[in-house]
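Two complexes come next, and they have one chain in common, subunit A, joined by subunit B in the first and subunit C in the second.
Showing the complex of A and B:
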């Protein structure tokens, strides 16, 4: 190692950090940690709200689906009753015609 | 013993703030910027604290990230068009003649005028007393490149010292 390298080693000794460095780092760290805690709570609340919304939408959809099915079943019953009524009427007419023919 | 080690952030700041700040200030030549870089490096350490396994790991991690963040800061400054080293280079001779300062600080001033890769290699070699292999690992550069930067940096520094520093002019 020559003279220049020795001088360079001497010149490049570590400098003491400014006295405020550690305080600033610790302050920024605590601000970051507080922000992180707030973010965690915000995320939890947002996740809970999304869950509630999804569950609510699911319940609503199920309720509407049940109503639609009920309505469809009701219409099917009415149709069946109409058909049955129509068939009974037809049968009554035939029976009446048959009875008249027997009396004659 | 190392298995029992738990990183203590405050203690790590106490132990390494001088090293991180010195690397940043010698790479950027700006105390204010160096302090900001040092703060960012320690906050990044805080985020990665869970991955730090040993005190040596913490030292190597801090050294690598400090060099990397300093290089990023200088790149940003170049993009913004502020190049302090050009300014220093242009006025350096005049300052040395007008205000005699200790040889060490004038040598440090000359070091600041070297190209960034050479300065990085020399700072790690003479401030941190790393071997070329360790410098290569810290900078993520090939060993041959690091050796070349060290040789060229020293040669350039010697040439600048011969011009600007009376002690070396006399010695020559």
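Showing the complex of A and C:
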């Protein structure tokens, strides 16, 4: 029993920490902090890049969609003007025919 | 905060109402048009609001090599809308004169002044041209052209004149298109810019 007590006392005896322990702990802490800061920046940059890519794709898609709709509208304008031109030509022909008939 | 949201919603509603008011200048198709479309072998329908015309102007080539498109760009600039219908028929007398009269009355309102009224009793052909005058200036043109096998309705809203439309004669590619537009009954085309 005494022997066990002795061993325990010996084991629980206050011992001064090695002089390098504080430096090691502080070093490790700063390395972890730096790694964390780097990670945060990486995440921010990645998020910004994704946002820029999504916004760019949106702008491009919108531009292409407007271009497509504009082309469709342009073709419809041509069709409308062709019909208008046809109607005006027909009117001119009718007027010319009437004029000829009146002269005769 | 609630007030701001209410103001935003109100603002959006006002803008939406203004936008729809802009489009509402274009007429609602008359019931006769449906009857004509049902009998026609080929139908061309074009409805372009101010926004669609602006979109079309944006893609037009107005540089030196696109003279025709530049002329059209100039023609449609400032227009409020274009409403055009073309009905082609396989045979003559597929529509009645009553239908044409109904169509004429549908568009003939007090704000339109007749400019040309042409009738050929032998062939049944007729052309009506009316202009909408606001403070002595032309703010629209309506053409109803009736041929034995074709009925054309043209409604152009906005500042347009016969001189402007006279430039259409010089646009070669419109003439080229006219040779290709006739399609069979199965290929009846319907074009509507606002759909």
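The working rule: the second predicted complex is superposed on the first by the 60 of 104 C-alpha atoms of A that agree within 3 Å, B and C clash if a C-alpha of one lies under 4 Å from a C-alpha of the other, contacts with A are read in each partner's own complex, and residues count from 1 in each chain.
We take it that contacts are C-beta pairs under 8 Å (C-beta built on N, C-alpha and C of every residue); 3 or more make two chains touch, one makes a residue touch a chain.
Every value quoted in this text rests on a predicted model; they were computed, and no experiment measured them.
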So, does A:39 touch the first partner subunit B, the second partner subunit C, both, or neither?
neither
- Query: Is A:60 touching the first partner subunit B, the second partner subunit C, both, or neither of them?
  - Reply: neither
Task = Have a look at where A:96 lands relative to subunit B and subunit C in the superposition and call it first, second, both or neither.
result = neither
Problem - Touched partner set for A:47, first subunit B, second subunit C, both or neither - result: neither
Note to self: Quick check for you: in the superposed arrangement, does A:26 touch first (subunit B), second (subunit C), both or neither?
What the structure shows: first
Q. Which of the two partners, first being subunit B and second being subunit C, lies in contact with A:16: first, second, both, or neither?
A. first
Note: overlapping subunit A surface for subunit B and subunit C spans none
Residue positions on subunit B within touch of subunit A in the complex are 9-10, 13-14, 17-22, 25-26, 31, 35, 38-39, 42-43, 46, 103-105, 107-108, 111, 122-123, 126-127, 129, 154, 157-158, 161, 168, 171
Subunit C contacts subunit A in the complex at 44, 46, 48, 52-53, 55-56, 58-60, 72, 75-76, 82, 84, 86, 116, 118, 120, 125, 127, 129, 143, 145, 147, 152, 154, 156, 165-166, 168-169, 171, 173-175, 177-178, 181, 191, 193
Listed in rising order, the residues of subunit A that touch subunit C in the complex are 66-67, 69-91, 94-95, 97-98
Given the complex, residues on subunit A that touch subunit B span 3-5, 7-18, 20-22, 24-26, 28-29, 32
